[in-house]
């Protein structure tokens, strides 16, 4: 009997990939079937992610959590590395995917073809990016993720999405070129693609080599920052996210985090303390860019008239907060940053799902469905666009409550996880180490504090304004027709935030352990590079 | 046999191609080539390319030789024209001839020959009027080309019956 | 060799980048293709240039870098070519769709002054 | 015990939501019961607290960060809890009768209970962060309560302003509390209270003070943040009575008192708190005089009284602190009753406008009497509770605390404010209850229901009892509270009604008589009915705030967003390129980059010539892409071809094969797309190009040149450096022995790095699906809907000649070529098979084979057209893709059976009879998946575009038919 | 001596072939009509194929042969696509 | 792996001659592409490369590898065959397209056959 559990790390990529492949030839009219299969797949991925999260970092033996694809050892073959951080991100991704999937099955998956396949492929791509320990493989999974995101963004077609999609794709294609240039430059200078190997080689590198690696990393960084949405590389983002169909926008909330994730990884692993003269490379740029992003995001949040754009700009605020936190370089903040990452992603995803439900009572959905209707020009599918959902009187109250929760979470008001996240970040910033000299609070620190607080205020003002307009001041709108499977994902995501708020202690323990892992790049390298091959060769 | 190799000529050509590609006449290669050519011929049936019957192998050989010589000659001639060794500008033009060959493949073969022969270029063929329009680089040879074409016509008619 | 290939990469990049900045979607798609050639050659060059040393072994043989070019960049370029092709196709279709919806082939979906 | 104070209200709130909306009484009973339970619990705890004990409860929340649910009840917290719960009970009773049947009553009580819980949370928090949590909760809940009648625009605006102000303050407070935590090393209140010296002496003291004060002053509506409170009066009166007099606004002064032991006593404190307090005291009172709205008057009066408390706390003396605490209680009592009375008046007459109200005494004598007593307490009339704390205030005002101007003017300001208080109190009573009987009131006035008045009666009674017998009634409770704040610094004080003729008494007398005089002096002015005080009327805080808010948060934000952002693609590309260039250049510059020596020797002239061609193609393509698309495409093909040759030249035959195949497919692809693009305009003359455009082109050209130069430099630098030790040797050594193939590149692709390939084919399938899905929705622009011009002309020609059938032109055109093209199909397939089978050992492989095969299909489509092919061949690209991906995954999974990780290859060379030695690497199977997927994806993409030519005209015709039918 | 002669003649052949490619490029750039450009591209492909064979001879390596063969078998596809586009305004009808 | 220098001179000389001749023919063809005045003239140019050039260079290759590797299988024949088969397709399509375009624009210069429309016809 083989130990099947050893293959868990590869499942979050394989299961959605295989399911996506199996879904492709199924007739589009069997959407519910496709959705159910996709749902099952995502549930499996979620369960696997939870198991990985529960076991990650428990054993620190060499090779723990390292999966050698093709049984080739690092740094030669591609390895998947499960640590607390990647397991956490897997969990987050599959959670969001579940929400988006369930939500889409009420109506949005009818807006175009192959929605469920694309969603599965997106999950596979994102999970791959989180798991891989190889730079070029990271590129490949970035592309899987991006390609799927293009497909999903364009899902439903229509002028707005296509226009936004064109910009999104053009910019990301250019960024992908940068990615390739960066990766290959690093390979040219070091002769390796494995991140752990890279981190061990960097310190011993001659100055010319180091120069090239840094150049490569800088170019690479730009590619990630485009994805992460750093100002001024992020103007496409609010438009694209606002144009996407709600379930897609919800899952997109995690895409920027992939960029952030990689930056955290590279920053702490490759350019960590062990990197010699290259330690902390690029941090000041992350700081400046992150702060500019918070400011721009907050301004955008204020300036948004539509909720979709507001949510898009909230994504930027979230990214900026994380980038600047990384840029500050305070080790005490990492755990807080991770908590913030999770909380803000869940919140924004819930908000994206909620927006359409709230606006449905007004007018927005009507034209979306119109596009849906005329789309099947050539394919006489005769799909009855039956009116889904019933107008339940309590709907408005539930939507209002959800909206309020989103507002509280986005503004970082107590007692929900948005607040805890901000608190943990600022606590880390102000923290006085138990042993050792207290760090003086620098001007950058103060600016960061001000930006974090003011961005919360901006979110509060904007959400307040838009909420009042929608729920309090609206002229007798029709009560939106909402079905249970649409509101459930919103509620579940928000409940996750609530849960995170009350279980902040255990959550922070996990984050702290994750941060400790990240701050110990040598341990990571040891684990990856000395993992034994299967079959004892 | 017909069922297995609906286009025997094609199958043979494919096997030959396979052997050349693999640069081997080993039995294994031959077998794989046979299987592949069989499968591919079946697929080709679906596209229903025009079937032609070739006969008179000797005629084919002499025709081939004749064509090769024509091509070689005109290669030299055209090279001369291009390099301007004749010292006068070239006079080129269109030539239209009656050409009565029904077989599509024969026409295709002719097209290949005319194209491969420098100095002549196949342009179009009117199926109703059985007229072939081609372009020649050196109009001074127009009569010779017309004669050559008549010869080709006869040869092709003979080969593709 | 290095000099010539670098110059070629530079020219391809410059042409590609110039086109990326242009207003017509068709220009952008051509630019992306040129840029992807440049990037592919760049990746390829990172394995250093070798003439007549393809990474193909004698049957049963063992290769080494003294007699064979670095195969890794080649494998990476192969992947990059495929992905580049896919993306060109995608971008092309999106620009067609955009043109269909907006009536213009301008990248912003509407004509801008002075383009 | 302590968690009850949180669980009961919050739990009750959750339950209350689900009460049916017509169950007004039941909901009120329920809420009242909860409040009563809380009150009784408080009362029950008194003996424990009175003994000087502190009741504690601790629950971990985020222990790592020092955040715990730590509750703590000392005397001061007890006093506040008692206030909150007692008045809470009364307000519930009152609200039961105040609310109408149409109002969503369950929501009201749910919010009310939440608010009570939050407020209790503030006073019971033993952890600063927990305090901040409840602090913001009160802001949020009060927002919802103020906006309870949200159909009313005033309610919405008032709610929004209250939330914005107090929320802002709360955020500042949070930072202040975090800083305290940093200084103290803990957020626990006990630790903080023990670290007064550390806090006051820390360099962060001033920032902390400013931040905390910002929180406290906004919450307590202190100048200059006072303006939100009057606008919060749009709330239902029970809310005003509870939040805006008795409890929430007290949170600010509560916090000041709570932190008083550790923060007060410094000069900064004195100035900042004192200035705010005094200004609020006098301005609030002054403004109150000129209000026409009953609740407005009470709101400004509240502001003024909170200013009084703040002033007391600013002084830094223990006695002042005692007075402050005492006044907190007194104010809560009389102001809550006054609000309720005002609410009764509003409820029974239909208006709160003092210009319309008059002579109500005869209609509601009991209410009037109660209101008069409460007003007197507010004015500081002797024998009422307000008098006592005001006397203490006057006594403290004349003391010298610090020698400065602020301290000097305090007594005068206090007296003047006292005078104003008398004036507005008198005005309230006189104008509402006396004078001519009211005319044109919306309702006929009468006494309220019995139980609606009961809370007022109770509170007024309390004013009287405390006013007459302070020592017996409030004394012990006050002492407990004071002792818990001041500890050993608790001063000796007496709560006697009569202290003899002393300065404070004289000040009171002056204030009383002066106030009465002032009222009669101002009667004529007040009779004009002008809203707001003279001079200051124009300076409306709320208006300014709104305008600033709109300007900052809307106008500026929008222009900044537009200025710093863009929705156009070109600027974004420009930025991306500039940033990438900068990012690439900085490390080079930082390391003092030096150009490696140029090596001219050894350059192959043929190769050099080749790249001259390549460069010309690239540049030409860039120049032609706008006006000569076909030329640009051809030149692009040229550049691709040179790239392909380069790969061959530099030992990468696999790349050359792939590049070539992709090149061909790309050309066909772009051509397929070109059909749907608009007709290209003629190239303008050079002179006609505007300057702007020329400048932009020059700029882009320079940037492009920089980018190209950068890439050249980098490439040259790396390529001329000796290679570092690379992982490639590992692959070269093991490709055959462990990977089972001689083509190392292919072994890498299907084995060593097979996972990359899996991802890569996933990308291909995603793109194919996307293209397919998008094209199903493709709507061509009108001008490209009809067939291209060439076809139209040729079709017209066929139609115009009787001897020709439709489609003859195309048939003749393709007649001979398609004969050849058809024969090429099996040839291409053979070639693909060859490429596939040799891939593992020689250049080729699944990908190349797949593309080659797809070219075979394309060729058939070109020769015969879409319908022709699809009538003959079954094309199921989606199935091929699906199978391909599944085969690839399944092959990888197969290795699990043997206990190896995903994609572990099993390479053997099996000897098959006759065929000979064949490679049996499972990698071949994987490659088969690649082949199938690539074939499917490529065919799908190309065919999906090609189908548009068939589809669009049909859809067009259908649309035209539908239009015609509609017209008939 | 023979060695040198071989090397030089191959070099010369390659230079001639690349010159031939350059001339084809000239036609692509110069036009004047689209058909000229397409003709130029087709020639460029053929010349490139011959260049590949020459390169094979130069390196005495048959590994590059398939690239040349591919041009011979399917290199014409892009040219005919262009030509058909010219004639019909559409590649696949 | 063998080297070209292993080639005995009896073989080397014909290989070089064939190669040079083939390259020269190809070059001449391409010169024709430049020098010939009209499109239809230029249509003949590449055929020198596809016939003469290809055959000669492939012969050189066949000879070279036959000697070097002592084998008698000439896969270069495939190249000769396929180039001969596929080039006509391009040239035919191209020539007809050019003819069609010219008939529309300058009907005088090219022969009018009923097979093709002209401006007058289409009006």
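Lettered A, B, C, D, E and F in written order, each chain numbered from 1.
Definition applied: a residue touches a chain if its C-beta (ideal position, glycine included) is under 8 Å from a C-beta of that chain, and two chains touch if they have at least 3 such contacts.
Only a predicted model underlies this, so the values are computations on that prediction, with no experimental measurement involved.
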Just tell me the minimum hop count from chain A to chain E, counting one hop per pair of touching chains. 2
Joint neighbours of chain F and chain B, given as chain labels: D
Mind listing the chains that sit against chain B and also against chain C? D
Per the definition at the top, count C-beta pairs in contact and tell me whether D-E or C-E has more. D-E
Farthest from chain B in C-alpha centre terms, which chain would that be? D
How many angstrom between the C-alpha centroids of chain D and chain A? 16
Whole-Å separation of chain centres (CA-atom averages), chain A against chain B: 62
Please tell me the distance, in whole Å, between the geometric centres of chain A and chain C computed from their C-alpha atoms. 28
Find the geometric centre of each of chain C and chain D from their Cα atoms only, then give the gap between the two centres in Å, rounded to an integer. 40
Residue numbers in chain B touching 2 or more other chains? 17, 21, 108, 111-112, 122, 124, 126
Going by the contact rule already set, what residues in chain A reach two or more other chains? 136, 140, 143, 147, 150, 154, 157-158, 162, 166-167, 170, 174, 181, 185, 187-188, 193
For chain D, residues that touch 2 or more chains besides their own: 567, 569, 573, 577, 604, 633, 649, 653, 674, 711, 714, 718-719, 723, 726-728, 731, 753, 756, 760, 763, 766-767, 770, 774, 777, 779, 790, 794, 803, 812-813, 816-817, 820-821, 824, 827, 831, 842-843
Throw together a list of every chain pair that touches. A-C, A-D, B-D, B-F, C-D, C-E, D-E, D-F, E-F
Where on chain F is chain B touching in the complex? 25, 28-29, 31-32, 35-38, 40-41, 43-45, 47-48, 50-52, 71, 73-75, 77-78, 84-85, 87-88, 91-92, 95-96, 99, 110-111, 113-116
Could you pull out which chain F residues touch chain D in their complex? 82, 85-86, 88-89, 92-93, 96, 100, 104, 114-117, 121-122
Sites on chain D touched by chain C in the complex: 567-570, 573-574, 577, 598-600, 602-604, 607-608, 611, 614-615, 618-619, 621-622, 625-626, 629, 632-633, 636, 639-640, 642-643, 646-647, 649-655, 658-659, 662, 665-666, 669-670, 673-674, 676-678, 690, 692-693, 696, 700-701, 703-705, 707-716, 718-720, 723, 726-729, 731-733, 735-737, 742-745, 748-749, 753, 756-757, 760-761, 763-764, 766-768, 770-771, 774-775, 777-782, 841-843, 847, 934, 937, 941, 944-945
For chain C, which residues count as touching chain A in their complex? 20, 25, 28, 32, 35-36, 39, 42-43, 45-47, 72-73, 76, 79-80, 83, 86-87, 90-91, 94-95, 97-98, 101-102, 107-109
Under the touch definition given earlier, write down the residues of chain A that touch chain C in their complex. 136, 140, 143, 147, 150, 154, 157-159, 162-163, 165-167, 169-170, 173-174, 176-177, 180-181, 183-185, 187-188, 193
